[in-house]
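Structures incoming, each one as structure tokens.
Next come two complexes built around chain A: one with chain B, the other with chain C.
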Partner chain A sequence: MTSTDQSPQTRADRATAKRMRRFDNPWLNPKLIWGASLLLFIIALGILGRFVWNLDLVFTGSTPLKLPPVGFENLRRQEGVWDYPLGTDGGGRDILALIIMGAPNSLFVGMLASLIGMSVGITLGFTAGFVGGRTDDTIRILSDVMITIPPLLILVVFQAAYGDVSLTMMALLIACFVWQSPTRLIRAQVLSMRTSGYVQMAQLSGASTPHIMFREMLPNLVPYLFGSFIANVTTSIVTAVGLEVLGLGPQRIPTLGRTIYEAINAGALIQNLWWWWGIPTLLLAVMFIGLLLINLGLDEISNPRLRKLS
Partner chain B sequence: MRLTKMVMLASAAALALTSGAALAQDVAREDTVIFDLDRTIKDPGNFNWFTSGTKRQHGAHQAMWEPLFILNYETGNLDPWLGTAFEPNGDFTEWTLSIREGVEWSDGEAFNADDVVFTVNMALGNEELSQREAATIRGQVAMVEKIDDLTVKFTLQNPNPRFHVENFGVRIFGSFLIMPEHIWSEVEDPATFAFAEPIGTGPYTFTSAATNRAIWDRNDNWWGAKTGFMDLPEPLRLIWLETGGEESRAQLMASNQIDAAQNVTIGTFEAIQARNPNVIAWHNGYPYAWPDPCARQLEINTTVAPWDDANMRKAVAHIIDRNQIVNVAYEGTTVASQTMFAQYGSMAPFIDAVVEAGYGLPASADVAAGQALIEAAGYSMGSDGIYEKDGEDLSVDIHVNSASTEYTRTIDVVVEQLNRAGIAARSVPVENGVFWGEVLPFGAYEMSYSWLSCSSVNEPWASMTRYTNHSVVPVGERSPGFNNTARWNSDAAAAYTAIVDEMGGLGMGDPAIPAMVAEAYQYLDAEMPFIPLVQAAKLLPYNTTYWTGWPTVENNYNHPAFWWNHTHQIIHNLEKAE
Partner chain C sequence: MGRIPRSYLINRVITLLLTVWIAATLIWIIPRLSPVDPAEIALGRMAAGAGSVANADEILAQLRASMGIDQPLLIQYLKYLGGALTFDFGLSTASFPTPVSQLIASALPWTLGLMILSLVITFVIGNLLGALMVWERSPNLVKVAIPAAMVFTSIPPILSGLLLMWVFSAQLQWFPLTGAYGLTVEPGWTWSFVQSVLHHGFLPAVSIVIVTFGFWALGMRGLMITVQGEDYVKLAEAKGLRPRYILYRYMIRNAILPQITAFALKIGLLVAGQVLVERIFAYNGMGKLLYDAILDQDFPVIQGISYVIILMTAVSVFLVDLIYPFIDPRIRHEGDT
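The block that comes next holds the complex of A and B.
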């Protein structure tokens, strides 16, 4: 505080100028940029990797077993080789191929589940908030009931009974459990917006309900929806990875969670095969940090009060 | 006043609880042997071993219920236990059992011919007693009678030179266990009786059980010590503990929290040994593992299209590369199967006969031959690399027990091989209890991974008779004793059955048998109701920190599979480590 008081005028000017620039373009938020770069890195890994790496190595028995990454040695004193730069797992699969295939798969499940969940949530939330009455009661009670059900419990039972599922199927299942919060949040926002002047004006001028909902009100909710979307992606990925780590995800399609499951199941910890579980875990961490940063960034954009002033 | 009373009562209860807990823990670790249990005890209060579930291998038939005889895998002899002799008549249709004198149930009642006759009759008269051993007795025994207190005569339906080993000799996993007549005779329905307070003749009595463990304490009043049959075993307490997967099994072993562990992969074993040099296995060096007599195979439900076509089954057999299974799933600790039989020295004459007749299976794949058979069945390769017919992909679900990495990884390899050859195979992992309780016996699968031809260790009939058409039941009904779960019921199966039935009447060592095996095997080879994969190898870590005397190739009083009924021998051989 004292330092601000004593600082020369020019510095204060510069700070003001910086603040003004920030206000000019709130999307140039460092957190947002960092988060997006981390996610883009994973997406790029998935896309570019497909062109430069032999993805057949992702299947059981296509490589020697338990080789370490280049520059390391395993318990049998075998050294890593450049053919499999990140090492191989106990089933003869290349770790690099696994993450090239697996990381985008995990992200895909999260995105798809969240996209479906959000679409349902937006529609229901707007309908409940705007139409009101019986419709509102029904939707509100439905989402309140659903929000109390722990998704992992239901999904574990479902997948254990069903055996193998595809990625899309898994995303659909998870989507069944991620629409409630957006529904509730959007309904609340819509309720407060409904009484604002521009909405009433639109109503008076005879605009249709969908028009008011989606053309007048929705644009004002965009940053807010983005934040909610990203939070949902995180939840969906956590749920998907949780299922995979329990061995309940897709069987033959590589995912990060399944790789961790197999590592744990095959005694990778005691055999010191750290690359088998460590690399997928690291990628998941990168993914979550990326999503968190994006979420924080979006929060600052939609809520200027959170923006730092210096 | 009231409040003080309640507080006092509560504290008294708490005290009782804590002292109770102390009682349950008053056996020192060095007096306790902790065995690994690879499954959940679904119904810990049920000890009715005649019905399916985990009712024996959590200590009940290793510590409490003793067998009549124990087949010694190392000497080939039948070691006497509760029985002393089992003599056939000239044509193997009557068998006379002599029971050891002085055997007692743990409640003090005498164990005698009445118990044997009662238990056998109970199995004979009750179809609901579905366990394999009871079903086998029903299929073989015509009549059982008491001669005197220590002698029982069995009259068989058909001549059977192997009757004693097969039913009472712990040849594979278990034996027909005799139950106390004075308890079971009071029971209305033996199929639903829980036997919640079990007793046996063994040196340990039941203390407590939960879904993840069973505890047994030594009975210092054991009959065997009193009669001089054997000394009391040294451990005061035995615990069977569910450990979960390979990782937790390995960590518990490395930190001396269990004394005997279920199968682990060789990499894990080496890692355990690196952390705990007291851990040993059957062999002192590579490959460490003991060759288990239950060779692994791909079970096929022959009633489900397209696998009801023998050529389609043969195609799968051609596509499978056994060497890759050995290298990836077993990390080189086993070998590919040539036939359905365990590759023991004692089985060599029969395996050789089959191989010489040209029915031996190759260790490597012939994918082109397999694909030719699939194409001959009307399939054509689709653009996605999967065969299709009438717009439908050629696909198969393979059920696999998720209890062990060995099982799931073998099927991962098979699934991969089939997919690359154009069959959209998919692994369906199911929980141990569901796998054995629902999937296999009722034929609720297309293909599955198991070892259901397991039985023979020194003669071929026991395994071969498991696939005769006598055991065929419709899908949805329980296969008797897991026999012919493939539901193989063609003309070839009938021809096969005729030869195997004829073989059943021949004495062990009859020179005609190898040729008959080869003759019968032509039908298995032509129709492939199941596909033999690899020999099984069990790498069982034993911990010598607290206990020594574990079975090893040097100290080979019997084999090391401590979930079998012969574990009595292991427990009697254990000595406290210095």
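The block that comes next holds the complex of A and C.
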């Protein structure tokens, strides 16, 4: 900061200095930024799309069937038209309108489920680590038990029995299965931090337990918490998409997974209607790559040894 | 060293039993809370087949009695738990009167085979690549190419499966589109059958491998960084051992151990992913059976499959936990003094 007045002014030096400053703040690493931009792109698509595109085209039969995207030709030698730039599916729905409606839905389910799971996990993890004794045993065994149960299989039973569910309901159901890993993570960290110097110092100076938990320890856990949150968003979306591809999940709201389900069932692979399943697949892939990049970026923040490598 | 303390063993066994019990209870209780009546579904299926059904009320009562749902809930529950212990889930309602256990038994070998094959391949490839990413002597190409390839490993296997299926089965027609073996070959231990199975299993296995190896590679990378700075590696280098020998015998051998516990946490998700891959490839395993059962609202089959898969997961986690102290003597359990 103060060294700018005497710094050598070659271009290379300035570039190095700039890079060094940038890396001083671990939250500004390129992976994190790239990942966040990919997710923002999907959110922007969902929000802006609602203003510029006619969403009535998601209704069955509102467009011609099986038109290809612009610039391509389908097996019946029909050219794509600008009215439906990403093509249409076998039920006469516009793919662009489908993804504008569907993409934010997947992200919403993931975020909501993970957020609920996180809150439960933070509460249980801190309780287990701090209270100890029988409470700790109960929470530990319960999270050990629940972590081995694949959520998809329980949810399959649930949705097969109840039929249609709303998006929020699906998020709530998934949330029942994503609280374990934050609980375990926080419990382990709390146990190791409890004996560390600054926590004992706070205890000696008479700070209350909630103060120590939330003002002293929680800030140190933030990178781990974010990492765990993002990992849970991924798990939740994978579970939601899995249910949708099995034909379960919300039936009346367009989702990316359900679009893929319908495409497979209609034999879109053999009929070479790649845009029908391919575009939702691509969008989901972008979503997952974005989440992975964010997670890698967060890893570098919480484990500085990784930073040297990239 | 390596001896399992009794308290640890008891703890693990209790966890295993609790997992299976909670899962079995959830699977049983959820459909009971729903307004759907399985007897009415069965009656509906009859009516759809025959046009109309006479004496519907009597048949309904008969069906309820044969399904055991006219009894008090507690007795139903205890009977169900007893059945679950002996893998008896009653009869399938869609392909009546085949027992559910028979359907599952015929699908299980396919699922297990595909799973073990893809797991072994992905574990070896993933850990090797993760180690090479950290190793100083690996070519620069490796250090650039692997992280780039790994970006795609965040994708769930259904998506990669769809993509591979489109390119290699629908477009290039190198591999068959669906099924676990050809329609023209006779199942048996003949060369043509084995060939057909391998041919059909290749794409599903690859679609699982290419999206899961990154998980192991990432974990291995983190562990290798820790191992790299250890004194024994420095000593080995100072002794002038060949770098490749150090990599395999000193670094990977020590770094790989915690990866085995990571396996225990991951297996649930892997299984769920594979069920979906089997569904899109119409592979003759549990995934396809589950999907068909969902379409037919065949509850005994859905319950049976969920139960068996959760049991498999819980048992593998239990085994990993038991074996681990034998492979890694550094681990000491609580109570082991």
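Assume the second predicted complex is superposed on the first by the 286 of 310 C-alpha atoms of A that agree within 3 Å, B and C clash if a C-alpha of one lies under 4 Å from a C-alpha of the other, contacts with A are read in each partner's own complex, and residues count from 1 in each chain.
The working rule: a residue touches a chain if its C-beta (ideal position, glycine included) is under 8 Å from a C-beta of that chain, and two chains touch if they have at least 3 such contacts.
Not measured: the values here are computed from a predicted model.
After superposition on chain A, the partners chain B and chain C are seen to clash. Of the two partner chains placed by superposition, only chain C is touched by A:Ile260; chain B is not. Between chain B and chain C, C touches the greater number of residues of chain A. Of the two partner chains, chain B and chain C are each touched by A:Gly247. Residue contacts after overlaying the shared chain place A:Leu269 against chain B and chain C alike.
By the document's definition of touching, neither partner reaches A:Pro223: not chain B, not chain C.
Legend: residue contacts after superposition of the two complexes on their common chain; A:Thr60 is shown touching chain B, with no touch to chain C. Look at A:Gly132: by the touch rule set out above, it reaches neither chain B nor chain C. After overlaying the two complexes on the shared chain, residue contacts for A:Pro85 are found with neither chain B nor chain C. By the touch criterion defined above, A:Gly49 reaches neither chain B nor chain C. Legend: residue contacts after superposition of the two complexes on their common chain; A:Leu293 is shown touching chain C, with no touch to chain B.
According to the touch criterion, the shared surface of chain A, contacted by chain B in one complex and chain C in the other, consists of residues 160, 163, 247, 264, 269-270, 272. The residues of chain A lying in touch with chain C in their complex are 141, 144-154, 156-158, 160-163, 181, 234-235, 238-239, 241-242, 245-248, 260, 264, 269-270, 272, 274, 277-278, 281, 284-285, 288-289, 291-293, 296, 299, 303, 305-306, 309-310. Only residues 14-15, 18-19, 22-23, 26-27, 30-31, 33-34, 36, 133-134, 147, 151-156, 158-159, 162-163, 165-166, 169-171, 177, 218, 221-222, 225-226, 264-265, 267-269, 271-273, 275-276, 279-280, 290-291, 293-295, 297, 299, 302-303, 305-306, 309-310, 313-314, 317 of chain C touch chain A when the two sit together in their complex.
If you check the complex, the residues on chain A that touch chain B are 59-61, 65-66, 75-76, 90-92, 160, 163-164, 247, 251-252, 264-273. Note for the complex: chain B touches chain A at residues 245-247, 249-251, 254, 264-265, 267-268, 270-272, 274-275, 324, 327-328, 331, 397, 402, 405, 408-409, 412-413, 415-416, 419-420, 426-431.
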